[in-house]
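Both complexes shown next keep chain A, but they swap its partner, so chain B is in the first and chain C is in the second.
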Partner chain A sequence: MRTGDIKELEILAQKSRRNVLRMIRANGSGHLGPAYSCIDIVTALYFHGMDVDPKNPEKADRDIFLLSAGHKGMAQYAVLAEAGFFDKSILDTFGQFKSPIPGHPDMHKLAGIEANTGSLGHGLNLACGIALARKQDGLKSRVFVITGDGELAEGSNWEAAAIAAHYGLDNLVLFVDHNGLQISGQTKDVMSFEPVADHFGGFGWKTKEIVGNDMKEIVSAFDAVPFEKGKPNLVVANTVKGKGFSKAENQVDYHYWKPSTEDMALAEKELAAKIAELEK
Partner chain B sequence: MKYEMFDAKKIIGEVTLQEADANPNIVVVSTDSAPRTGMTGFITKYPNRYYELGIMEQGAVGVSSGLATAGKVPIFCAPAPFVTARPFEMFKIDIGYMQQNVKAIGRNCGFNYSDLGPTHYGLEDMALARLIPGVTVLAPIDASQLRGAMRAMLRHQGPVYLRIGTAPIPKIFEEEEFTIGKGQIVREGKDVAIITTGEIAVNVFEAAETLAAQGINAMVVAMPTVLPLDEAIIKKAAEATGRIVVVEEHYEVGGLGTAVCETCAKLAPVPVKRLGVPHVYLSAGPYIDLVKYCKLDPAGIVETVKEFTTQEK
Partner chain C sequence: MIKLVKEKIKDIELTKAYSEQLIALAKENAMIVDLEADVGNCIFGPEFQKVFPERYLDLGICEQSLSSISAGISAVGMIPFCHTFAVFASRRMCDQNYISCAYAKNNVKIVGSAPGISSGENGGTHHANEDIALMRPITDITIMEPADSAAMRWAVRKAAATFGVFYIRAERYGQEKLYEDDSEFEIGKANVLREGNDVTIIAEGNLMIKASLDAAEILAGKGVSACVIDIFTIKPIDAEMIVKSAKETGAIVTVENHSITGGLGSAVAEVLCESFCGVPMKRIGIPNRFGEVAQPEELQKVMHMTPEDITEAAMSVIAGKK
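On to the complex of A and B.
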């Protein structure tokens, strides 16, 4: 299932975006902007970067992905479905009572989900614990985390930043989905943690900055892990919120989207055209 | 009655080390707190299974949960308010909602830090922990129960919060076997039932003897597990005596007293008197003065029970 073919990964990312639209159609609404912002990274995680097996999702030495920004959960569901972790018909249950794919991920409901996230500022500390245990057990597997950039205002992240550096967790990779927008406006205006790389670098992390919707750059970042032996890895992924639907791109109003029939049709049409173009 | 006294921290450390010898997955997480929880022996013997994080409780709970994801059995030990109140939301989600196999020890609970005042009192820890579904809450009463509870906790699959003081703890019971979820009738009686938890229980035992000498025959029920609650024993006590006093070194709000009221309302409605710490910010001072002020000393318990048992039902 793993591939380094950029075009193949791009197609998978667009198909995953299509799965997001399917969930929003089923529920009538959802966090479109955040999901589309990070979905290229999530696609590369499951189809390139991570050692995971949809047929054996709990194998002891697997790589682990924690979506700390749990409100981007549709991105993970979309990619898990594309990767064969569950039947795509489950996408149509999004938003229903007792659905295995609730708005925020629940590890007890779906194979492949490793933590109950959604409340911000939890994932990175959990990841530190897993990374410590993996090292203690002499396993080479790695832990990947995605946080939002607005999420960095949660102080718990900075506790984790210190832990990861103190213990030299080079098996931990954090992607900050740096789309620059949060509900109240631009992240740099709401509460600035710029430059993000410098903050983590100050704690002792090794950092990289990439265009987070460019599959080639994402794959290159994965392939460079660990960036430096003995240091945790940070990728500041400069992304576009809502990337993949023209009306949503860089628009904070599409953070949580309740689409009109016309907008949904337009989003689906744009995606179909992109997939067709890539598959030529 | 005079009891042999033990160091609670030493017991915690000894049992941890014994269990860790048998279970290589046991690890210890510290927020500048484990050495003072009796863990020095563990740290010396198993330095690679000891994670010192410095003073950061949110991080410690998250890291503990992550360690559990990877199959470890982490013990996070620190003063009670810093295990429960400070990182409450992490406890709720990373341990509770995720149902992780994390063992949290809240030491210096109640008034243990009597000279420091409300910042360091652990008077709402049971209330907070028992609000989280699926978390087992233990409050052993004596040295034997502490040993038993530590062993039971470390062998139990699932999240556990154990509260304990760190003052010298008496050995009251011989039996060290500890069954999670079971209360124990320590003294039979028909006039009133006194239900108690934690180390303050020793004052209840003394009060019960004084009451007996004054003609009030109190049933005494020890409740070292607060969640899951032994509702059957509460029902039995209510039906046998018709009125209950709950004694605990915890706010009267939210702890065992509240849990007993909830159970009685459901299964056996009888009058219940909660004798705990009033829901205010009590000044710092000598431990014994605080206990007396709250009427949690033997004389205060006797006075409260006598007053309650002479009231009309």
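On to the complex of A and C.
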């Protein structure tokens, strides 16, 4: 399943975006902007960076991914579906009673989900716990987390930032989906935690900054882990919120999207064209 | 089965009993880890650290992380006991306890020390008067308040052996032992400390149980026979015993080292209401007011939680019988 072929990964990311649209079509609405923002990273996680097996999702030494920004959950479902963790027909249950893919991920409803997230500021701490346990039990697996940049306003993240550095958790990799937007507007206007890399670096993390929708840069970041022995790893992924749908890109109003028939058709058409172009 | 002690024996601090039992269990079970948020020897974490330095984590003054990191550790099979003062274990950690621990069905044991007026001189900031009220609505959580060292040791063993989220409330100071060390308790089973026919006093925690037993003595002097019950487990609560005793005595007083809103008194009232068991009832506990600085004994008077207050409440509910 794992590949280092950039074009192949780019196609998988676009097909995952198509899965996101399928979920939004089923439910009538969803967090399009956040899902599209991080979906290239999530694609690279499952198809390149992580040691996971959709046929054996609970194997003991697997790498673990926690989507701390649980409202981006459609991105994870979309990639898990593309990777074969579950049948794509489940995408059509999004938003329904007893659906295994609720608006925020639930580890007890779907194989491949490793945490119940949605209350922001929990995921990095959960990941610290798993990373600490892995240091003790000797398993080589690593823990990957995605937070939003707006999410960094939750103070619990900064507790975790200090703890991860204090305990030298080099088996922990945090991607900050740094798209600069949150519900109320631009993150720098709502509540700035800039410069993100400097803050984590100050705690003792080893940091990298990449273009988070550029598959080549994402893959390079994965391949460089651990960045430095004894230090937790931070990737500030500069992304475009809503990346992949022209009308949504960098638009705060598409944080949560309730599409018109015309807009959904346009989003699907743009995506189909991109996939066709890549598959040429 | 419980065995009541027959003479006055000074007990050790309940946090000490917790620490000793956790160390003993950790010797048997390599999956047990101890986490704390810089409370040091207030809850004897360093004692655990001496024996198992690699299984002890002080996270600093980071209580939110204490809860979520414990959840993460448990998610990969370990059994974390995380301890801090009850104010932080409940108020500060509430969302993490709810989402990261309980909603995610993780196996976390939360220990909160010095609840209610037992935090005395620290003043209102440190009085956990609503920790039970905050914890009790959390789905599937088990809440225990061991009233002496024997009950505490049993509670720690039981929590370690039972998958799920536990909140163990630990009063700071030991007073008198209630139970023989080889007593066996049950989750959801209250313990009768004194039989009686005229009124039932349902209490929690060593401080308030001691006050309730003293009240029973005062009542006996007035010719009133009071049954005294240690509720032990606040969730699940022993509804069967509450209803049975209410029917037998026809009057109930609850006594708790906690706000009278949302704690033991509320839980007992819920049981009585839904059992159509309309007996007179009064709640003794911290009224609608913030904590204040004073020694616990003084605060008992300030908050109207003395044996005399319990006696007065008992006489009142007895008078209210139809």
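The rule is short, and it goes like this: the second predicted complex is superposed on the first by the 280 of 280 C-alpha atoms of A that agree within 3 Å, B and C clash if a C-alpha of one lies under 4 Å from a C-alpha of the other, contacts with A are read in each partner's own complex, and residues count from 1 in each chain.
Please note the rule applied: a contact is a pair of C-beta atoms (placed from the backbone, for glycine too) under 8 Å apart; a residue touches a chain by one contact, two chains touch by 3 or more.
Given the structure is predicted, the values throughout are model-derived calculations rather than measurements.
Undergrad: Looking at the superposed three-chain arrangement on chain A, would you call chain B and chain C a clash or a fit?
TA: clash
Undergrad: Identify the partner contact of A:Asp40: answer first if only chain B is touched, second if only chain C is, both if each is, neither if none is.
TA: Once the two structures are laid over each other on A, A:Asp40 reaches no partner at all.
Undergrad: Kindly classify A:Ala160 by the partners it touches after superposition: chain B alone (first), chain C alone (second), both, or neither?
TA: In the superposition, A:Ala160 contacts both chain B and chain C.
Undergrad: Would you sort A:Glu114 into first (chain B), second (chain C), both or neither based on which partner it touches?
TA: both
Undergrad: Going by the contact rule set out at the top, does A:Asp63 touch chain B (first), chain C (second), both, or neither?
TA: Neither partner.
Undergrad: Mind working out whether A:Asp137 is in touch with chain B, chain C, both or neither, as first, second, both or neither?
TA: In the superposed model, A:Asp137 contacts both chain B and chain C.
Undergrad: Can you give me the overlap between the chain B contact set and the chain C contact set on chain A?
TA: Dual-contact residues (chain A): 107-108, 114-116, 119, 121-122, 125-134, 136-137, 155-156, 159-160, 162-163, 167.
Undergrad: Within the complex, which stretch of chain C touches chain A?
TA: 33, 54-55, 57, 59-60, 62, 64-65, 67-78, 80, 95-96, 98-100, 103-105
Undergrad: Which residues of chain A touch chain C once you look at their complex with the stated criterion?
TA: Contact set of chain A toward chain C: 107-108, 114-116, 118-119, 121-122, 125-134, 136-137, 155-156, 159-160, 162-163, 166-167.
Undergrad: Using the touch definition from the top, list the residues of chain A that touch chain B in their complex.
TA: 60, 64, 107-108, 114-116, 119, 121-122, 124-134, 136-137, 155-156, 159-160, 162-163, 167
Undergrad: Within their complex, state which residues of chain B touch chain A.
TA: Spelled out, the residues of chain B in touch with chain A are 27, 48-49, 51, 53-54, 56, 58-59, 61-72, 74, 89-90, 93-94, 97-99.
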